[in-house]
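First chain A sits with chain B, and in the next complex the same chain sits with chain C.
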Partner chain A sequence: MYVILVYDVNVARVGKVLKRARRYLTWVQNSVLEGELTEASYRALKSDLARVIDTREDSVLFYVLGARKYTRRELMGVQKGGEEWIY
Partner chain B sequence: MQKTLYLFASGRLRRKDNTVCLESENATKYFPVASLRDIFVFGELDLNKKLFEFMEEQEIVLHFFGYYGNYVGSFYPREHYNSGYVILRQAEHYLDGARRLELARRFVEGALANILQILRYYQNRGKELAGSIESISRLLEGSLPACGRVEELMAVEGNAREYYYESFNVILDKSPFTMPGRSKRPPTDPLNALISFGNSLIYAKILTEIYKTHLDPRIGYLHSTNFRRFTLNLDLAEIFKPVLADRVLFHLLGKKMLDLKDFEQQGGAYLLRERGRRLYVETLEEKLQSTFHHRRLRRNVSYQTLLRLELYKIQKHLMGEQPYKPFVSRW
Partner chain C sequence: MYVILVYDVNVARVGKVLKRARRYLTWVQNSVLEGELTEASYRALKSDLARVIDTREDSVLFYVLGARKYTRRELMGVQKGGEEWIY
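Then we have the complex of A and B:
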């Protein structure tokens, strides 16, 4: 599955969320990561994040796409990050 | 779905925030470990033991290539699928001459059948290849069953490859690339350089897949098992070189994506330049990710998965569950 993660958390925890998310997904721009995950690693990612966020004030969103076939990704302005497997 | 990371950039590769991070002069780049299968290193990297420990923990294989694109070696982490049973069966099939010959013959059969499939493809596209097909078929159907020793199998395979490589000139007519005959270590012309580069990638690819099974890569059947050398991946590569490496090669040259400028000469050796290597790797990866309908499994599988399935078939053969029959491409 293809997952887009966006988060809006207290500054005290942005680092923690970013560090954990980077193990699974690729950083795209501030507070946004995306990438291909298996069902299992998606679950692992969620439980990893659940451990560090404060559910009363932080917010983490996952957009889960079954396939990217019917999606389109358009960019306006600068490309800040993204997936590269040949680097 | 796991990914392969190809690193052409140079810098320091390290474990950072529990993931893989490349610190180069102008940028710091993180790669998600969760979906990392193996890393192919082409650049000049600094790395330390901490990284190797991390790679072992995450079960990621690293393959290193030298400045000339030559294979240097692999970091093959501690086995995580241990099975004394499979190793014993592997050794048993190696030590018993008849059984070894049987498996070795299957590998050559698969290799020749896949080569023929390539040649037929180009024959259907109007290339004059009847002669080569005829010669190789004769080897496959006549000489191969008659072989009584592994050395003879090797010889038959070598002869078949000679015919095959000669036919490259027919397939690639009107292209600036010509095949004067196979040369390695070092390749003495661009086409040989391309073949060698592709083959070394296939060897490494299969090694990664072997790591993910119970098989021991040191015990091969067609290629003799000698001191500390991986050989099982070489056996399997015979089957997949035509299917993967050669198809990528014809794709790149047929579509004129590569030309002679992508090669450079160093002494008597020809090398693929970085642009060419990147392009090759990209095309190979596309091929590996592409899927087709697998008749037995009745589902779509990628070529990457196919490599693994082939290893499972060998494992079944060793355990006496089902005789091994090599993958032969039908299209």
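Then we have the complex of A and C:
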């Protein structure tokens, strides 16, 4: 399954969230990561993130695309963060 | 085609970007909108946004999912912004 993750967390926890999410996914843009995961690794990722976020203040949104990746991805403006932009 | 939009723009332009994007898409989370678009409305959306963002500083990322919507969407933590979360 292909997963797109968008996080919106307090700046105090951004580093921890990004570090953990990058063990599973590719960082493509400031608060966006994506990649192919198994169901097991998806569960592990959520479990890892649950340990570091404050669920009263932070949010992490997952889009699960199923077997197929998205059709295309377009960026308007600058490439921010995301050292691993895949062309 | 189903489109997910993630924006990361200077706070001075957030209102304008959100206002324009909401003419086309549903606001689901702080910096995330999504919805079904025709090719023509997708082009119109990009053109509208291009008029308000500063491409040296802002970024807008589009995921185009093709005919099929995502398989599922999950939220961990709080629901922020996005008055139109679709369950």
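Note that in this section the second predicted complex is superposed on the first by the 73 of 87 C-alpha atoms of A that agree within 3 Å, B and C clash if a C-alpha of one lies under 4 Å from a C-alpha of the other, contacts with A are read in each partner's own complex, and residues count from 1 in each chain.
As a convention for this text, contacts are C-beta pairs under 8 Å (C-beta built on N, C-alpha and C of every residue); 3 or more make two chains touch, one makes a residue touch a chain.
Note that the structure is a prediction, hence the values are computed from the model and not measured.
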item	value
Contacts of A:45 with chain B and chain C, given as first, second, both or neither	first
In the superposition, chain B vs chain C on chain A residues touched	C
Which of chain B and chain C A:31 touches, first, second, both or neither	second
Which superposed partner A:23 touches (first chain B, second chain C, both, neither)	first
Which superposed partner A:75 touches (first chain B, second chain C, both, neither)	second
Chain A residues contacted in one complex by chain B, in the other by chain C	none
Residues on chain B engaged by chain A in the complex (per definition of touch)	1, 3-9, 17-19, 22, 29-35, 278, 281-282, 285
In the complex with chain A, residue positions of chain C that touch it	1, 4, 6, 8-9, 28-32, 46, 49-50, 53-66, 68, 70-80
Chain B-facing residues of chain A, complex	19, 22-27, 35-38, 41, 44-45, 84-87
